[in-house]
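Several structures are given next for inspection.
Two complexes, one shared chain (chain A), two partners (chain B, chain C).
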Partner chain A sequence: MINVLNINHAFGDNQALTDISFDVQAGEIFGLIGPDGAGKTTLFRILATLLLPGSGSATLNGLDVVRDYKTLRTRIGYMPGRFSLYQDLTVDENLQFFASVFGVTVEENRHLINDIYVQLEPFKNRRAGALSGGMKQKLALCCALIHKPQILMLDEPGTGVDPVSRREFWDMLRRLRDGGLTILVSTPYMDEAAWCNRVALVQQGHIMAIDTPEALTAAFPKKLFAVRAVDKYRLINDLRSMETGANAYAFGEFAHFASPSAKIQVADVELFLQKKGHNGVEVKEAEPTVEDCFIDLMTDDSQQSTVDSPPGEITLK
Partner chain B sequence: MKVVFRWPATASRLGAVGTIPPGFTRSYSYSTASRLVTHRLFSKGSIYLYLDDRPTDQPTNRPTDQQTNRLNMNIIETHSLTKKFGDFKAVDAISFGVEKGEIFGFLGANGAGKTTALKMLIGLLKPTGGSAMVAGYDVEKHPDQVKRRIGYMSQKFSLYEDLTITENVRLFGGIYGLPTTEIKEKTAKLLDRLELAPYAKRLVSEIPLGWRQKLAFSVAMLHDPGVVFLDEPTSGVDPLTRRQFWDMIYEAAHAGVTLMVTTHYMDEAEYCDRVSIMVDGRIEALDTPGALKKQFGTTTMDEVFTRLARPDQKVNHVD
Partner chain C sequence: MRTVFFLVQKEFLQIIRNRTMLPVMLVMPVVQTLLLSFAANYEIKNLALCVVDHDLSPMSRQLVGKFTGSGYFKLSESTFSRSEADVSLARERSDMILEIPPDFERNFMREGKTGISLTANAINASKAGLGMGYAGNIVRDFSSTISTTSGAAPGARINMTYSNWYNPKLDYKAFMVPGILGEIVALIICFLTALNLVREREMGTMEQLNVTPVKKWQFILGKLLPFWALAMVMMAVGLTVGWLVFRIPMVGSLWLVFAYTLFFAPAMLGIGFLISNFSETQQQAMFTAWFFLLIFILMCGLFTPVDSMPQWAQWLNMLNPVQYFVAFMRQVLLKGATFADVQQNFYSVLTYATVVNGLAVWTYRKRN
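== the complex of A and B ==
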């Protein structure tokens, strides 16, 4: 449904995208997962025909983003990261405006947005600018769907949204996907990867990995432990020193300890920490998450790109 | 890890810089972020003495004054703080206190009233009811005194992108009224600490978001505020930098700075000493992450949050 081949793009000296290639199948949710500044928005703008790629090519449903941009625009729904509806038009006026731009009527396509629109209906005469964050997002989604696109592109719909509203938004996306829509979505929230069919992990304009979230976590190359102790911050530093190539970082109420050696056991970690004088030590094996994979890939890549990687770690003494 | 210091009621003042009195052992010391002020407490049995070696030539408009260093007192304290917009109660009589050196998580769903409450605490918005003291001053009566004594950093705006790193530090130093020599000193220290010296002449727009956020945090602390408000400081930041940012938060708290943090990352709620969760303008829960999880019978803060934000519906987890 979407084919991206060797896309490169630079803004002046700043290489925003390097050799980006991936395919999205019809009817899947494909996630571009990475922090702000990874190049996600640049890629979205190229795919939405708003920016010409420096080099490389992309087709959406067989239509080329450069050559066929006019036709393509009628086939895609694009929800940019920034709220970009008309703030001084009401909810219904916005919908009607976007429908008319694409030569359709709200009535003929009402069924596409009904699920979401019912939640907006109480506010249909309110100006878009006066809506709460969650409602703005729902309106933007309706406006992106009203012309019956085949592909929906959402650039960071979850940014600034609380975790519960975020989950509800993803429920909506899954229902749209189940209705046959192909969805490309970007997010800096690693936990959202689990709700995609496949994801690309993006960092500094490179794709570090592409796979299903399950395959990504299954391929995590280290043995992972969840560790707890009273002095959390000394714990992390001590764990880092346990063996070369090991990584340790805070992970909610635990610290995650990723060990390169497959032989290491819970008891080994416990013993090491007891020798270091830690109290309240609890160690268990942990299932890696996409966030663990991302951190692992980032640490691996840190030698390659000196300019973009953080200049030094700041650790609590 | 909380550094809370209760001044013993029996402590008496030792006076200016001196040596440790014979027989006494040092029982506590702390210093502010800039190491300008150090208090030391010595004890022998139940007798406590404290040594007050604050520099005497402290300029009066500086925030490292007695107000912010007064001990045994909440540095943020609200009583029935309320903000009404017409008939709508955006913040509905919230009362809470935050101790010196505490990392206080300020959570809530979108529209719950967090931003309105924060704006009142930093002196940008007048309350319509109740009161709030921040860094020793009433936010309604003395908003300017409050502003001078706090730091603020938000994810949405933090630094001027078309200025270089050094220019930003200099600008904010000037806004906070620091003397030129001190700005110079502090700039050098800050760049050194963040290992940004080689990039000092780069435009802020040219540096990665993660660095920018760390720099913004340091700039918000340039004038040694007693309290720093961080509004979604790690939003959109990569997972490694997000953790390094929290290292900085811990370091500041360890040095006695109070931090009030909003976040949508529930793992970060776990890193706070205490967490409050706002629902429809009220604080519905406030405790340590451990106690909150116990109270709601859950294993994660995410579940606690969900229970509170959507009390009347069972949210289906999508996984």
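== the complex of A and C ==
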């Protein structure tokens, strides 16, 4: 459904995208996962026919993003990362307006958005600018769907939305996918990867890996422990020095410790930490998540180390 | 065309929703015409006059009386020392010094010739200039009456007669209000168009619109039509105020005025549109618009006559759309010019609008 081949794009000297290639199958949710500044939005703008790629090509449902952009615009639904509807128009006015510029009426396509619209209906005469974050997202989704697109593109839909609304929103996306829609979504939240059929991990304009979330975590090449101690900062530094190639980073209330050697056991880590004089040590084996995979790939990639990343967010230091 | 209709409809919805836009558009013409024509005018009254009368003759007193009785001058000080008068001028207690020499009356009677000295504080050059002009008239007037009534030395005198065409009473308001109307309409629609377009970019709605099949010309027309209509409404409001409050003459055809506005408005809309293409934020657009509009307004002939500008400035002024409007309004409203008289102006504005909008459409990009 979506074929991206060797896309490169630079803003001046800043190489935003390097050799991006991937395919999205019809009827799947494909996630582009990566931190802010990874190039996700640039890629989205190219695929939404808003930005001409520096080089490379992309087709959506057989339509080229450069050559066939006019036809393509009627086939895709694009929801930018920032809320981009008219804040001074009401919910219904926005919906009517976007339907009319696509040459359709809300009535004829009501069935496409009915699930979502019922939640918006109580606020239908409220101005879009006065809606909550979650409601804004739902309205934007309705407006992106009203012309019956074949492909839905959502740039960071989870940003600025509370966890409950975020979950609801993903439920809607899954229902839309089950209805046959192809969905391309980008997100900086690693936990959202689990909702996608397949994900591409993006970092500094490169795709580091493409696979299903399950396959990615199954292929995690290191042994992972969740470790806790009183002095977290010293704990992370000590864990890093335990062996070469080991990595440690904050992960919620624990620190995750990824060791390259398969032989190492919980007891070894405990012993090491006790020798270092840590108090309140707790060590257990942990199942790798997409975030662990991402950090592992990222450290391999750039030899940069990560400290203090709260769950679901990557912070580079 | 249906799409354009929906775009225009949306635009009007937004204009009506906007809490400041409509009031500003309707109140601004009224306030500006009232303020500019009542308060900020060129008529100078009550210039403070310091008199140094060394003669103290009946004739010198008569002259001073002429000055104070004219309404343009009021006596601020009277002294016998020139240096005191200079201090008064320096301290800004007086705007002008009238010094009458000791033998003022005697010289006039004997030789038919005498002199006085006028010194003005020219920090404000236009005030000084006008004051001098008034004073000159008073003195001329005075000398002619004196020579006829006193029967002294009948010297050669020039009798001047005045006649001001199209504005017989030199009514400042009749002269200013039509010009101000043109200036305000030009200013507001140029600003609004620029800000409105940049706002779409700033709010991200432009991006959302760009992925729709809305075509470039549809989008542009959808933006220009509402403001075009508003320009006509503002013109009507302004003319009504001008007529009700100032009783400005409307010698020419009002239809012609509206027809001209219909052609002129796109020129200003196009400038606003062009500015928006090169601005990322409303603030940038605001500054750029100010830069141009300030020059346009100062050079438009509203405050200083275009004819007295140096030749290069007059050439440059051909790029100033407001100048055409102001000239047109005065010609039609005061002088009763017909289409045949102002057609050159029509064509200039039409060309201007075409070029500016062409440039704007050309530089507008739906994608980068």
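Annotations
Just so we're on the same page, the second predicted complex is superposed on the first by the 302 of 317 C-alpha atoms of A that agree within 3 Å, B and C clash if a C-alpha of one lies under 4 Å from a C-alpha of the other, contacts with A are read in each partner's own complex, and residues count from 1 in each chain.
In this section, a residue touches a chain if its C-beta (ideal position, glycine included) is under 8 Å from a C-beta of that chain, and two chains touch if they have at least 3 such contacts.
This structure is a prediction, so every number in the text was calculated from the model and none was measured.
Annotation for the three-chain superposition on chain A: chain B and chain C fit side by side. Set against each other, chain B and chain C touch different numbers of residues in chain A, with B touching more. Rounded to the nearest 10, the angle at the Cα centre of chain A between the centres of chain B and chain C is 70 degrees.
Superposition on the common chain places the nearest Cα atoms of chain B and chain C 13 Å from each other.
Listed in rising order, the residues of chain C touching chain A in the complex are 2-3, 6-7, 10, 13-14, 17-18, 203-205, 207-214, 367-368. On chain A, the positions that touch chain B within their shared complex are 14, 34-38, 132-134, 156, 159-168, 170-171, 174, 188-190, 194-195, 203-204, 231-233, 249-253, 291, 294-295, 298-299, 308, 310-317.
On the chain A side of its complex with chain C, the touching residues are 48-52, 69-70, 73-74, 76, 78, 80, 82-89, 93, 97-98, 100-103, 127, 143. Within the complex, the chain B residues that touch chain A are 1, 108-111, 155, 193-196, 198-199, 206, 208-211, 214, 232, 235-241, 243-244, 246-248, 250-251, 254, 264-267, 270-271, 289-290, 300-302, 305-306, 309-310, 315-319.
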